[in-house]
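The first chain written gets the first letter, and so on, giving A, B, C, D, E and F; residue counts start at 1 in each chain.
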Amino acid sequence: MQNTNSGQQNYFLRASLSHVGLRVADPEGMAAYYTRVAGLVREPHDRGDAIRLGWGNGFHALELTRGDGFGHYGLELESAAAVEALADRLAAHGVDSARESHAGEHPPVLAFADADGHRIEAHGPVDRSGEHAADPGRRPVRVHHVTLASPCVADQVDFYERVLGFRVSDRMGDVFTWMRCNQEHHTVAVVAADEPALDHYAYEIGGWADLKTWCDELAAHEVEVTWGPGRHGPGNNLFIMFDDPAGNRVELSCEMERYWDEAAEYAPRRWEPGAKTINLWGPAPRWRDRVSA
Amino acid sequence: MQNTNSGQQNYFLRASLSHVGLRVADPEGMAAYYTRVAGLVREPHDRGDAIRLGWGNGFHALELTRGDGFGHYGLELESAAAVEALADRLAAHGVDSARESHAGEHPPVLAFADADGHRIEAHGPVDRSGEHAADPGRRPVRVHHVTLASPCVADQVDFYERVLGFRVSDRMGDVFTWMRCNQEHHTVAVVAADEPALDHYAYEIGGWADLKTWCDELAAHEVEVTWGPGRHGPGNNLFIMFDDPAGNRVELSCEMERYWDEAAEYAPRRWEPGAKTINLWGPAPRWRDRVSA
Amino acid sequence: MQNTNSGQQNYFLRASLSHVGLRVADPEGMAAYYTRVAGLVREPHDRGDAIRLGWGNGFHALELTRGDGFGHYGLELESAAAVEALADRLAAHGVDSARESHAGEHPPVLAFADADGHRIEAHGPVDRSGEHAADPGRRPVRVHHVTLASPCVADQVDFYERVLGFRVSDRMGDVFTWMRCNQEHHTVAVVAADEPALDHYAYEIGGWADLKTWCDELAAHEVEVTWGPGRHGPGNNLFIMFDDPAGNRVELSCEMERYWDEAAEYAPRRWEPGAKTINLWGPAPRWRDRVSA
Amino acid sequence: MQNTNSGQQNYFLRASLSHVGLRVADPEGMAAYYTRVAGLVREPHDRGDAIRLGWGNGFHALELTRGDGFGHYGLELESAAAVEALADRLAAHGVDSARESHAGEHPPVLAFADADGHRIEAHGPVDRSGEHAADPGRRPVRVHHVTLASPCVADQVDFYERVLGFRVSDRMGDVFTWMRCNQEHHTVAVVAADEPALDHYAYEIGGWADLKTWCDELAAHEVEVTWGPGRHGPGNNLFIMFDDPAGNRVELSCEMERYWDEAAEYAPRRWEPGAKTINLWGPAPRWRDRVSA
Amino acid sequence: MQNTNSGQQNYFLRASLSHVGLRVADPEGMAAYYTRVAGLVREPHDRGDAIRLGWGNGFHALELTRGDGFGHYGLELESAAAVEALADRLAAHGVDSARESHAGEHPPVLAFADADGHRIEAHGPVDRSGEHAADPGRRPVRVHHVTLASPCVADQVDFYERVLGFRVSDRMGDVFTWMRCNQEHHTVAVVAADEPALDHYAYEIGGWADLKTWCDELAAHEVEVTWGPGRHGPGNNLFIMFDDPAGNRVELSCEMERYWDEAAEYAPRRWEPGAKTINLWGPAPRWRDRVSA
Amino acid sequence: MQNTNSGQQNYFLRASLSHVGLRVADPEGMAAYYTRVAGLVREPHDRGDAIRLGWGNGFHALELTRGDGFGHYGLELESAAAVEALADRLAAHGVDSARESHAGEHPPVLAFADADGHRIEAHGPVDRSGEHAADPGRRPVRVHHVTLASPCVADQVDFYERVLGFRVSDRMGDVFTWMRCNQEHHTVAVVAADEPALDHYAYEIGGWADLKTWCDELAAHEVEVTWGPGRHGPGNNLFIMFDDPAGNRVELSCEMERYWDEAAEYAPRRWEPGAKTINLWGPAPRWRDRVSA
């Protein structure tokens, strides 16, 4: 099928989020928090003094290192050859990249930075079998997407779309863009902000029934839900949000819209900025005023 | 069992909410709204120019008349004899009451006013069989409770507790009191406000799964959820709230805590005022600042 | 929001399917079938010798008259004024229409024909409160959409889009087009065929859990499911199909994708013709060979 | 398919339970009980001073008349012709029967007595559309089966099997026999007792999730569950039992095993008498000692 | 908030049950039973010839040693400092305690005996990440509470309440007391008996839907449910009970009432002794005659 | 209970399927497929160059070796003594068998061939605790049954029934026989074919709700469902089928009928060959023409 729809790239990177790296003041304390609250399991194969958390087997979902702010995120590609192709593509666009080898069962890494300087670790297939051992309502199914705060949304989106081969699923005015690199509506989103940062990152959970259990469990752990339960316009996913002790916004998301790019040709939708767009049901959080006011 | 717990009345009125009467500027328009949005059915036996809405058979849940503000609510007692006993009880406390006969299959009514002057229509058993015809997620199971705004919470609670025989289930500081007259945690609640008014009234729905359907259907009808989904501390019920076109706050509630007064003796709990008390999960609405700030 | 997306009409008819009229050799026998198998209730207000079936109160979903083939379908508009506006619009496009008054509580009807000559009865709001009395898994929630077989898909779609103000949600090659006139992905679809006809019509049911009950109940009534359970690409809805005794294909559909035209601007998707498009999960029916082969 | 399995009749009556008639000391009080506790609706078309209860439209499920003990039950056959065939069959076996015409929309009745003298009212198809308006967990889906206490199980079973054309699904020693006349495992069962009586009668409810709601609602109405939730061996259905105020045992049953006699040939199973057989999970009631001890 | 409610301690121990130790004649056989029936996993880090069972990673839930009767149970406190504070508190009340160090990843233990001489092992936080890997309906979520049989309920309760800092949630006459040390209604309960013993211990499971799976799986393993499914008055939890091969009563419990002591002040409820109190739905077991008769 | 029902063996082997061995051209690729698509975990204890996949702990479910066609399957017996008894039984019937010892925690194996020469590995109890860590909708609960294609169904069934002690649950004409060796309706089935082969093998999954998730996940992995969702007549189980990359048909099955041979005596049912028998709901696959046509 020839894709003639304006604004949609013919090249389509096939990838998915493999892990998120956070820099925090107290990695041990944070590891205890995610273990207790989110049921993550400490993996035996730490990288240096980093702490890796996952499902007890297979690849890790979260890496905690000492520091401050967003560290990096991992992109799993479909094959080692796809990593090579990405290296070529980056070179063709004049983007520096480096090949690294990490400890443990980690496949070789191609490291590079996006338009806002966030470090991305691309690599080949990893063992995701641990993701299938999620207790309903008490442990996430997998790490799902990152939303990046950016002072220049257009440049950042251009990098993901034109250089990396993501496709834009939805736009909300000039302040928010959601991009996909697999069947999920978005794996990376970009939202307007004063400084580059991690706006939030998300885990997938099982479904609506689990949201009730999660809200009750979070309350039992004295973790406040800061937004939701609600349903996003772009992506149609159900969600709640809460903050980890370092102030990272964590989303639990489920029932996100799927895209079947092999069978259909899509044009990005354009959403009105506003509270209803980011929560079709109504309530919007105070911290999203730039977007929803 | 002798009840020696301070603050709990030995006399216990057995009653439940039978209907709510609202005075609105446009009863026809409002009837169309509740029919479309909440699936209520217009009952053939209207009282004068009032419009009654229910489930298609049995007693009505909502009565709409032309006017402004809260009209009245109905209390169903267990028998005609219980209505007589209530008449005696009111007389003994110096409260005026009047016997009325209403059109249709309405049983005889004992009308009187509470401490804030809200009209209450007490009556014997009514046909509630229509309540069993609720479509999951698209029509309420029954009308469930009223929360009255009051400039003098203590006096109003004293009237319900000492004169009528309600029991206090929970208190939140001096600003909120929840009272029961059956197995549900509360059928009437009182919240501090500048003027007497209806703070909100509530329908019971089936459960958590239905809340998702309701939120989606309300969005499809362009009705904004103003608060929730959440879980109240007092009553432990799951809820959402929205406003009808006249600005009446409507709650959809489910899975409320039950009290077994025949088998157990309870003392009222005392809750801290605050956002967490009125929503254990976190988010509080802006319009509840007096309570949650 | 200015809509600059090519192929999307600025004018958007707001309507929904109100009922389907079938001409059958044995209306009494067919009424007994739909009553027994689909739980529909015979409405007291028949039109002449027509039989109307619905939910026991409110508007009917199905009208059966003696004859052969597709009869007509009803479109409910948001107001009497909207019906007037549609009359003007039809006149401006040179389409004949007639005002009719029907028996019972039926609002005035504006009758006209689409590009293939199918009769459409447009009218103002009707009482849909009966739709909320659906037993899970044993009675449909409402009548949902019609799919029209057409020897000239392009002309038919043009009529719906340009004259009536439907919007195209999805296209599959030149053989299938799905169009919306409310938040559901489609209310009318058109599929290529040799002769104009009703390809199938659909009822909405509650959700996935009800599909199991429906399949078991249909088996108990010796009604064969001819396709599904499956999930359509266009519309993302879950479905099964079966034939009524006259050979009308009946679909039971749920969880269809919603469109929020007030908040977002959409361009039609283009799907590859093929089995996977019409059932993302796989199996396709033999009777859809023109489309799926 | 030729049925050569010993003990299975070639002739198979196709019928289902249409209603149960109880004789009680206080029909009005009992009607109020079933309305309040089981959500049944009083039907307008009473027979003399009988009270009929159902779903608000269609045929009734329960008829209450003044008196004592089991009154009768109704069997709905597939056609008026099937009623005629049954009349011939009864005559051929020397069983007296009488044709009656009842008030309201009741089809003509063929009345006769079984081997223990219980009155059976056979009739043609009735309107069952009301059965589809059941609220989950608050109203039964339909009346489902009767279990008859008999001083001579073998004779009673012989009458149902040989004369009427029921098929034996299961036997438990000599004390219990379950028989089917449609796809459900049993519509009539016979259990050993000193005197002929109604052992219990059953309503079908939606499923396991509804059992929790029913148990909680019954507790709220101060109705004790006397047995269950449990799962029967014969029939594999989930159940609870409670007594109505006249001491009639009422079962709520769901997920019963289905038989596909058109496609398969079955031989009756033989179960060991014992507690495990009547409840695969364990607990047995004290009142079933003759069977479970 | 100052707590002035009589009978409620100001000091509140924050703890939860970490594991139960049983002494059995055949630890290997018992380990095979719990592995097969309850899906527990044998942990590699046994203490001597003890066998520890858990979820495959993290702390164990059950420890089996050769012997007879109840062994001990573990209490997890929030920090090592909390263990120190408990040691001081015990000393201040003249209760002997000993510090022990156990093999494996077990944190240091503070061992002491309650008023009936049952050994308690208090310790700091343990790895509970394994608890999140529970298959719905086939493995418990966590070990939840112990109910201790006591010849002197008042003394035992006094020890837990005054010395350890538990809070009484409910009392049933003089024969049963339920006490909490976290948000669950009870973690330790005491019931009147002739000799000190373990009355039963409980695992938490996911919810009502899982109870059906558990009952069916237990039947498949030829394990009889001895009581339930039912709903307790005190705690409001749903439950079933069965015996392990050594005769230990095991409860599966879910949906227990939660207490929010940070936000509310509670007074213990007083329940009437009787069958309805221990099962709101009705059926009571023969082995609870002292309580329910 | 004396079993006098013709066609039912008095000797009843108690066994269950422990694993399936497939010979494939690319074991590594196939292991990656089952890990990614079915969430299976690679077990550390491979046998030679075989690859074993399971749940991360306990026994494996699938063994992949280089080669072509069906390899073998494992039967877990209740004890080592039961394996000895089977060895004697085989010898008495003149069937050769060999004792083998396998690497890892595999118990000793008794290897023999069935009437079509398929290798069976019988052994004593294995650790199945890993089976309880199944994520709903994303990993199977356990490996469940094998269906063997046979040029001589009667001989093969005779071997399983008379030599091994299976019991026939159902027959469909001469072309299909289902046999049980535990409470599930079948663990081994035999279907007519030109050559001996593995017709399909099945995993059990949680239930109907999981089928939707599986179908969506398979679509996301571009794996086509070749048949279903549907419900089999024999066994009453819900199912879907898909092919692995080597063309092995894989079934996902749930809610299969259970047999209680300790409590009841069963005779095999006889089903009509036809599409409705193999799918009560209707659709049949093209590859089952010999059976369903």
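Criterion: a contact is a pair of C-beta atoms (placed from the backbone, for glycine too) under 8 Å apart; a residue touches a chain by one contact, two chains touch by 3 or more.
Since the structure is predicted, the reported quantities are computational estimates derived from the model, not experimental observations.
Trainee: In the touch network of chains, how many steps separate chain E from chain F on the shortest route?
Mentor: 1
Trainee: So, comparing C-alpha centroids, which chain is the farthest one from chain E?
Mentor: C
Trainee: Between A-E, D-F or A-C, which repeats the contact pattern of E-F in over half of its pairs?
Mentor: It is A-E that repeats the E-F interface.
Trainee: Could you tell me the distance, in whole angstrom, between the mean C-alpha positions of chain A and chain F?
Mentor: 40
Trainee: At what distance in angstrom does the C-alpha mean of chain F lie from that of chain C?
Mentor: 44
Trainee: Which chain D residues touch at least two other chains?
Mentor: Counting only residues that touch two or more other chains, chain D contributes 56, 133-134, 136, 216, 258, 262, 276, 280.
Trainee: In graph terms, nodes being chains and edges touches, is this line, ring, star, complete or other?
Mentor: Shape = other; not a path, cycle, star or full graph.
Trainee: Which chains are in touch, pair by pair?
Mentor: Chain pairs that touch: A-B, A-C, A-E, A-F, B-C, B-D, B-E, C-D, C-F, D-E, D-F, E-F.
Trainee: Could you please specify the touching residues of chain C with respect to chain B in the complex?
Mentor: It is residues 56-58, 125, 127-134, 136, 141, 183, 206, 258, 262 of chain C that touch chain B.
Trainee: Under the touch definition given earlier, write down the residues of chain F that touch chain D in their complex.
Mentor: Chain F residues touching chain D: 1, 5, 170, 233, 236, 257-258, 260, 262-267, 269-272, 274, 276-277, 280.
Trainee: So in the complex, which bits of chain A are touching chain E?
Mentor: 32, 35-36, 39-42, 56, 133-139, 216, 220, 222
Trainee: Where on chain D is chain E touching in the complex?
Mentor: 208-209, 212, 215-216, 218-219, 224-229, 231, 238, 242, 276, 280-283, 285
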